[in-house]
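Just so it is clear, A, B, C and D label the chains in written order, and each chain counts residues from 1 on its own.
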Amino acid sequence: MTDLNPTSTIRILTTGGTIEKSYSEADGTLKNRASIIRDGLIASLRLPYTHLELESVLNKDSLEMDDSDRQLIADAIARTAGQGEPIVVLHGTDTMSDTAEYCHRALGRPPVAVVFTGAMKPMGFIDSDARQNVTEALLAARLLSPGFYIAFHNRVFPVPGVRKNRETGTFEAVAVN
Amino acid sequence: MTDLNPTSTIRILTTGGTIEKSYSEADGTLKNRASIIRDGLIASLRLPYTHLELESVLNKDSLEMDDSDRQLIADAIARTAGQGEPIVVLHGTDTMSDTAEYCHRALGRPPVAVVFTGAMKPMGFIDSDARQNVTEALLAARLLSPGFYIAFHNRVFPVPGVRKNRETGTFEAVAVN
Amino acid sequence: MTDLNPTSTIRILTTGGTIEKSYSEADGTLKNRASIIRDGLIASLRLPYTHLELESVLNKDSLEMDDSDRQLIADAIARTAGQGEPIVVLHGTDTMSDTAEYCHRALGRPPVAVVFTGAMKPMGFIDSDARQNVTEALLAARLLSPGFYIAFHNRVFPVPGVRKNRETGTFEAVAVN
Amino acid sequence: MTDLNPTSTIRILTTGGTIEKSYSEADGTLKNRASIIRDGLIASLRLPYTHLELESVLNKDSLEMDDSDRQLIADAIARTAGQGEPIVVLHGTDTMSDTAEYCHRALGRPPVAVVFTGAMKPMGFIDSDARQNVTEALLAARLLSPGFYIAFHNRVFPVPGVRKNRETGTFEAVAVN
């Protein structure tokens, strides 16, 4: 007999970015330190049939990432995707589409849905968009067919074909050449 | 030239339910009064390319709904679906699957995605699941093909085939006879 | 040598009231069950030099209290005040001034400050006044000379001389006959 | 006939500090820009018989203040105190006691209570202590006799006689020479 209500696993790879910047009361800085998403956000979501596996790949502002960082992320995605479960990648917004396209070029079509997301405002702020974006990315990871995507502000974009719009502080579709 | 970033409309029909119960400081009651989702929840989501149209159909605890209420909801869905845009229905959890199945029987396959959701705890509480469920329903409404669904706690269930589990306080898949 | 930074104890007596009503997802009721102030509110205050001792005297809506309940509260205050540390009493707003006056008549001038407070909206709501009122009561308990008081919405009232204004949802000074 | 419930005025002077640092989504910085306390904090307090008058004196991290800044603050206090109503000064914690002592030396005993406060974490964070400290300072301003004070984490300290403890992230009493 089939289990109609199996627990599904979603694998979260964290790389840093604004979404996971935390504030130090000792020195007043807002920076990427350790990953804070488990206690800072996931603990307050209701996920009765979802098991999350977290892996911290990097803890960087995405403006400081170079191709060796992107290769690390691509390697982590390749390794993780082999387990057959969808992936959410937390990443800074400034170069999120660069990293997603790098992974797309490096890995081709992945065997699972790989959904990048992040936030315009760190998750610790009252009016952060982190909770909304992570909630969307987790649902998109369950619903989408294999491929690379960015989920942000109630939209899901296939990669390539998406860029951050710095004026408006969100992501937009762009023509793919 | 195609607009790559059109604003999409999602139509929200509110019917009451725990999600929209509000507290009266005058008499200490927690009840369905007017719809409170616009100021109480939607205003804090970032929806740069999504336009929401709200219509209040009912303001009832779903345990007090009968088939004439369900027919009102089905009528509202039929009328609204004719506009060709996806629909989110806010509804009490106790009889959500009854109403969704009633609409499915009454209307057959709708021309758009119709996603029911609600909450175990009213949206005004700090630890309410309303924000999570509405965020999921709004994304599901954009991603899903036409049909009736319930979105809840990081899962999307086709209707029929879903029931509330009162022990665990969430929804689960059930066999369809 | 004097310790310039001793830890002070404040004793909190809980009696129920709107401030401590909690929501049951199982039956949808908002009621006084066990005291929830420790995890629900106090845990998020910063009290590095304050030690709180909590005692649950009652768990009642104050509209349901009678003089035998008030005597229980007066007895608890008398017993607790003997320890020489200030007291905060959490109480429903509807009969808070009745109970405070009852205690004043029964006990006369107490040896410590006894500060009643509560809330117009239960502490679990996002826009509850519970945190503000408890923060004020805890500071008032440290600053005031012995006597009975109500602290509410940035005011401190000696007892007798204060009544709830049901129209405006706050407390006001009244003439003492 | 005496009005038993007059509206009291408290004058808030803002000078910047961690409490009022705000996040820019455009450049990712957390800095003192304009004063944000009215919409960001005061709007959510219940102050039915309190009128707040805000004046922005400076918008600086207190580590960047020098004596010319302190003189500006002292001048603002002297001018404002002349109106006869208590004063709350929002200030960075790092040099709060320096500024308060500077004002005490420059002005002597003021004609009203002047209560300095601030926060270890900016008010926009979910777990900021700003709301607690401002709530305490506003009540202390009503209750205390004329003089300079720091209100912080459920304590009120006369000035001089208080220093920030950087190890523990709070204020402590120190011996006055």
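FYI, a residue touches a chain if its C-beta (ideal position, glycine included) is under 8 Å from a C-beta of that chain, and two chains touch if they have at least 3 such contacts.
Being a predicted model, the structure only gives us computed values, none of them experimental.
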item	value
Separation of chain D from chain B in steps, with touching chains one step apart	2
Farthest-lying chain, centroid of Cα atoms versus that of chain B	D
Pair exhibiting more inter-chain C-beta contacts, B-C or A-B	A-B
Intercentroid distance (Cα basis), chain C paired with chain A, Å	46
Whole-Å gap between the CA centroids of chain B and chain C	40
Distance from the mean Cα position of chain B to that of chain A, given in whole angstrom	27
For chain B, residues that touch 2 or more chains besides their own	120, 127
Touch-based graph of the chains, sorted into line, ring, star, complete or other	ring
All touching chain pairs, where touch follows the definition stated at the start	A-B, A-D, B-C, C-D
Parts of chain C lying in touch with chain B, wherever the complex brings them together	18, 23, 25-26, 28, 30, 61, 120-122, 124-127, 166, 169
Residue ranges of chain B touching chain A (in the complex, touch as defined)	4-5, 44-50, 120, 127, 129, 131-132, 135-136, 138-140, 142-144, 151, 153-156, 168, 170, 172-175
